[in-house]
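One chain, chain A, appears in both complexes that follow, with chain B as partner in the first and chain C in the second.
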Partner chain A sequence: MSVHIKTIHPMKYMRDFLARNIRPDGRKLSEVRPTAINVGSISTADGSALVKIGNTVVICGIKAELTVPNAENPNEGFVIPNVELPPLCSPQFKSGPPGETAQVSSQFLADILVNSKCVDLQSLCIMPDKLAWVLYCDLICLDHDGSVLDACVAALVSALCTVTLPEVKFDAITKNKTVELEKRRPLTLICFPFASTFATFDENSILADPSEEEESLCSGTISIVTSGDSLYSVHKPGGCQLSENRLSECISKAQKRSLTLRGMVEKSMESIKS
Partner chain B sequence: MAGLQLLSEYGLRVDGRRPNELRQIRCKMGVFSQPDGSAYLEQGNTKVLAAVYGPHEVRLNRSKTHHDRAYINCQFSMAVFSTSERKRRPRGDRKSQEMDMNLNQIFESAIRTELYPRSRIDIYLEVLQADGSNFSACVNAATLALIDAGIPLKDYVCSCTSTLAPSQGGAPPTPMVDVNHVEETLGGPGLSMSTLPRLDSVVHLELSGTRLHLSHIDPVAEKAATGAADIMAVLDKAVRGHVAQCLHAREVSGQGADA
Partner chain C sequence: MPVDHRRIQGPECSEDYRKPKTLDAALLKKGSRRADGRKCGEQRKIFLKPGVVSQAKGSAYIELDHTKVICSVFDPREKASRNLEQQTVRGEIFCEFKFASFSGVQRRSHQQEADDKEYSLLLKNALEPAVCLHEFPNFQVDVQVLVLQDDGSSLAAAITCAGLALADAAVPMYDLPVGLSKAFSGDTEFFDPTGAEERMCLRGVDGESDHGVFTIGFLPTFNQVSQLFHSGHISSDRFGKMISEVGTLAAEVHKAVQAILLSAVKSSIDSSDNSKLLL
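The block that comes next holds the complex of A and B.
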């Protein structure tokens, strides 16, 4: 019987649950789904990570290539994120060129990298104005069940932690590059930003880490990118109004979650070192 | 790579296997929640994901329906980071389109399409790490995903790629089964064969790379067919294990016959 109400009156189904302060999958309103982070599984990539938040799965692979730096920033390298939402992850996506959601997510990640300065671009430069690293970060969503931005940011940061770059010697006169593939130095991150998404429902309830069906019924979402003590980005694309109190509540919840996620990334890094 | 021999003097390949040994196969079914059927398969270091949506209604392009059978749509895609050189076009280039067509034809002959007229079955394949035999691994993963989706098949579709190590020291050339990336790129012939093992029939055969002398075709093809039959044993075991697990989970949660 409950299955029929869910199909015919999805909003009523949702509201009945929220009236009792619980969600259809049994979680409390501010409870997040179990998260798992796995790093270094793709050996052809220079850095990789797989993040699973509930049923949402995102994999990130980073490939490093050599290029000439920009004339405006001659001693900086590049980090280029790209999010792909293939039709394999959800029936709502069709095959073809990247759709709106994928492009918005890619830009969101690029903005976070610039705002948080989490990778020191100058450390990617080998010789100013001549040679620098460009890190192509490709994220593929394998299963779309809501909170994809959270999983993407977590996968990107975890994969960046695992990147090791080979030593490159560049002779400016002969323009000769020698790459020593065996000697690798890890990339150091300055900070670890993590995103938390909340869905607002009916101006009353705020659900942390919404699943796909909650996202489709909610009246707006808000994504907050923090790292423990600093706030990097707040992304609220329209949606219903949110009071200041509610916003500060969300920010503090996001900060707590980013600390937990950071602990998980460090634990998974330890496990591959051993 | 002048000194690299595909087969050492002790009869071992570059990764330490014997010529008729398959790589370790690990597979898991039902890995994702959104698709109707999904599977993850590892053949050595080649990692492939398959997702199946369907059978479902054809919404946009009515011309792509058949009145008497299902329309199969396969999409093969390699992740940008799957190869040692970053792959610029994950899909849509000629090689991928050719693979899409081959996969379509393989599964059109293996799926009981006459049971689902006017509907569509989508099979999406994603190669996460490419280490040789990518196409074969994709076919095997797609079979598992179709079984997970509950789509009736005539038989398991198992695929294997074999090659011929050049003769050395007077010994005749040796056929080798389940090639990895090094063996594929060193320039020997690569015979990719997909079969329905229990029906003893071949659904797809492709020879790429250098030419193969007629007298060598039989041993190489036979090696590929035996490889495919061995892979079927692995897939069958995985399917039975998965079904037993699902049944057990159902019993534990107390679900009866009604939904």
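The block that comes next holds the complex of A and C.
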């Protein structure tokens, strides 16, 4: 019987649950789904990570290539994120060029990398104006069950933690590059930003880490990117109004979550070193 | 490189620092073990799991050591062409095969390249004979395959994975298709080759005439080959011998796929029984 109400009156179904301060999948309003982070599984990539938040799965593979730096920033390398939402992850996506959601997510990640200065671009430069690294960070969503931005940011940061770059010697006169494949140095990150998404429902309830069902029924979402005390981004695409108190509540929850996620990434890094 | 306005652009041209690993001809000594310690006729350990994508009707994930492939199958939907004259009594399978950009030694483009398109067609040919297409006329079933890491035999792994995903999606089928691949160079044959072995056999070692890689889609219950793809050069007797061996080679993989499917069905029955008890 409950299955029929869910199909015919999804909003009523949702409201009945929220009236009792619980969500259809049994979680409390501010409870996040179990998260798992696995790093270094793709050996062909220079860095990789797989993040699973509930059913949402995002994999990030980073490939490093050599290029000439920009004339405007001759001392800097590049980090290029790209999010792909293939038809594999959900029936709502069609094959072909990236749709709006994918483009927005890619731009969101690019903005976070710039705002947080997570990777020191100058450390990617081998010889100013002549040779630098470009890190192509390709994220693919394998299962789209809500809070994809959270999983994307976590996967990107975890994958960047695992990147090791070989030493390159560049002779400016002969323009010869020698790559020492055995000598690899890890990439150092300055900060570890993590995202937390919240869905607002009926202007009263705020659900942390919404699933796909909840995201489709909610009146708006807000994604907050923090790293401990620092706030890097608040992404609220339209949606209903949010009071200042609610917003600060969300920000503090996001800050706590970013510390938990950072702990998880450090643990998984240790497990591959051992 | 043409500018792709829908993706974040990197620098105009960048160079990969890696070169794909090549193997020595010293590997070809008869009776010696391969680079990863296997014998010539030995298959890599298979890890296969159905039901990995919650949003898809059916899905499966396969791992053959370093080759990792994931497949999703979606509910039948109406065929794209609405031309009344083209309505037939058969349904269709639409396959899309893609290598992830970080799956190979060299970075791949985001769009489907020539080999992605070729493999999509080969996959469709391998799966079609196994599916009861008359059960869903004028509808098409989408099969999406993504290779997360390619270390040889990715098409063979995709065929096995897609077969399991179709079964997981309860698409009516005659048989479980199984994918096999074999590489050979001169007298040596490698069953389930790794990436380096495939590259060596495709190139051919100087002086040897027979070389290449075979990918076979096989229907074990009917003992029929649904699809055969060969790159290279082979003599006709060698070819006949290879085909006669396919049945025995496929038996191991088929058993594994059947066992996994059976346990998945059992656990879904158990969990639905449990939920009835709770109500």
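The rule is simple: the second predicted complex is superposed on the first by the 274 of 274 C-alpha atoms of A that agree within 3 Å, B and C clash if a C-alpha of one lies under 4 Å from a C-alpha of the other, contacts with A are read in each partner's own complex, and residues count from 1 in each chain.
Note that in this section a residue touches a chain if its C-beta (ideal position, glycine included) is under 8 Å from a C-beta of that chain, and two chains touch if they have at least 3 such contacts.
Predicted model, so just to flag it, every value in this text is computed and none were measured.
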item	value
Superposition on chain A - do chain B and chain C clash or fit	clash
First, second, both or neither for A:K63, with chain B first and chain C second	both
First (chain B), second (chain C), both or neither touched by A:V51	neither
Comparing the two partners chain B and chain C, which touches a greater set of residues in chain A	C
A:C218 touches, of chain B and chain C: first, second, both or neither?	neither
Which of chain B and chain C A:A110 touches, first, second, both or neither	second
First (chain B), second (chain C), both or neither touched by A:C161	neither
Which superposed partner A:C89 touches (first chain B, second chain C, both, neither)	both
Intersection of chain A interface sets (partners chain B, chain C)	41-45, 48, 55, 57, 59, 61-63, 65, 82, 84, 86-91, 95, 136, 138, 140, 142-145, 212
Complex contact set, residues of chain B against chain A	32-35, 45, 47, 49, 51, 53, 56, 75, 77, 79-84, 86, 90-91, 122, 124, 126, 128-131, 259
Touch list for chain C against partner chain A, complex	4, 6-11, 13-18, 52-56, 66, 68, 70-72, 74-75, 96, 98, 100-105, 107, 110-111, 142, 144-146, 148-151
Interfacial residue positions of chain A with respect to chain B in the complex	3, 41-45, 48, 55, 57, 59, 61-63, 65, 82, 84, 86-91, 95, 136, 138, 140, 142-145, 212
Sites on chain A touched by chain C in the complex	41-45, 48, 55, 57, 59, 61-70, 78, 80-82, 84, 86-91, 95, 97-98, 102-103, 106-107, 110, 134, 136, 138, 140, 142-145, 166, 168, 177, 179, 181, 212
